[in-house]
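Chain nomenclature is as follows: A, B, C and D, assigned in order of appearance, with residue numbering initiated at 1 for each chain independently.
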Amino acid sequence: MIELRYFAWLRERVGTGHETVETEAATVADLIEELKARDEGYAFAFSDTGAIRAAVDQELVAFDAPLAGAREVAFFPPMTGG
Amino acid sequence: MIELRYFAWLRERVGTGHETVETEAATVADLIEELKARDEGYAFAFSDTGAIRAAVDQELVAFDAPLAGAREVAFFPPMTGG
Amino acid sequence: MPEIIVQAETFDMGAMLNRFAGRQVNAGAVVSFSGIVRDVATGDLNAMEIEHYPGMTERALAKIADEAMDRWSLADAFILHRHGRMGPGETIMMVATASRHRADAFAAAEFLMDYLKSRAPFWKKELTSDGAAWVEARDEDEDALSRWQSGG
Amino acid sequence: MPEIIVQAETFDMGAMLNRFAGRQVNAGAVVSFSGIVRDVATGDLNAMEIEHYPGMTERALAKIADEAMDRWSLADAFILHRHGRMGPGETIMMVATASRHRADAFAAAEFLMDYLKSRAPFWKKELTSDGAAWVEARDEDEDALSRWQSGG
């Protein structure tokens, strides 16, 4: 069981800020593919992966990061703080 | 007639903060030579010209700056503000 | 130990600067950066909304501040970033650094800003009379990071 | 039009930062530098005395600030420098810059400091239990100017 979190326009496109999923995905990239296969909303939300960043357990990671042991995975656009 | 001004340790060595002089010196360097020739106090004050800066009419200048038309010449050590 | 504050409430940048400078015992150089909500090009910004990732935000800011403390000779560092809704003219965030050497205080403050812009989980949305729009990340903000990656 | 203040009186850096930031209409980035009297290495600084050249001081600071306004995209700049006697912990001076772009605000503030250090007619004297000693100019302060001379 992994807690998924979405922020900013990704949250708006997915339609929720968080959800819990059962997944066998080995990496962040695998998880994205799984999500995109769900329905057109997810497919649209994740269509431009170049514009998406991911964090595993609140640390920024590359898409090839493994999910073994992860409790929380977050997806969001590039940050715009400051 | 030129008004001379001295600051920081140069003022302390010369023994005054300002004085008025009659001079025929053509440049700042000439004026320094004139002052050094006055007495041992001035000779000591101006002994290390590498450690002295000059301003003519409140603008920093090089020692070869002309004195024609100058009203005020100031001598002081390198600045240490900030 | 750098201080990190994440809050929705407004704050007084001058009071924060005095508070930060006042606790420095032996650091003669204090640099601050403050970010203020500015109007958009079209001149009709009603408000800005900042979303963040509670938990990760504090971790990311602490990590950035620790990195700055490691890279430069700093006595102290401070980051405050707001989230939620704010109007034009309100202060969004502030960083401050203290050092014995001004060059270190300046470099570290700029480093904090560059990293915070692109590595701390905040997202800005501008609300104008045309509606709401997420602010897009700028390539130059990402580029700004590269200079810190080949030796500070 | 940059504001230049030369005074003997103490001042409140936070109040000055708020005053400066508060008059910016469209500049989202405000950088400040404050210099505080710090104790000397031997730990027995009683006071610092700053001598200056009235008249030339104001001209030199205005020139430096104008140069910063020309070089960068600045909305505003501010310099305050004290003279006379001050004790450890007191604020000696402050500069502030405002811009739409943080990189400009940072670069201009650092430029102001670098020039002010070596080109504005102030001289510091440290009073310790051993007596009074003029602070010597540091080569690195002169060196700091060189980077601004090959294009800002």
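Rule of thumb we're sticking to: a contact is a pair of C-beta atoms (placed from the backbone, for glycine too) under 8 Å apart; a residue touches a chain by one contact, two chains touch by 3 or more.
What you see is a predicted model; the values in this text were computed from it and never measured.
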Problem - Contact-graph separation of chain B and chain D, given in steps at minimum - result: 1
Fill in the blank from the handout: So, in whole Å, the Cα centroid of chain B is separated from that of chain C by 48
Handout entry: Whole-Å separation of chain centres (CA-atom averages), chain A against chain B
Key = 71
Handout entry: chain C and chain D, separation of their C-alpha mean positions in angstrom
Key = 23
Completion exercise
The positions of chain A in contact with two or more other chains are 82
Practice task
Quick one: which residues in chain C touch 2 or more of the other chains?
Solution key: 35, 102, 113
Problem - Pairs of chains satisfying the touch condition - result: A-C, B-D, C-D
Problem - Contact set on chain C toward chain D in their complex - result: 12-18, 21, 24, 26-39, 91, 100, 102-103, 105-106, 109-110, 113, 144
Exercise for the section: Name, in rising order, each residue of chain A that touches chain C in their complex. Expected result: 5, 7-9, 11, 55, 58-60, 74, 76-82
Completion exercise
Per the touch rule, the chain D residues reaching chain B in their complex are 35, 50-53, 55-56, 59-60, 81, 92-93, 113, 116-125, 134-137, 142
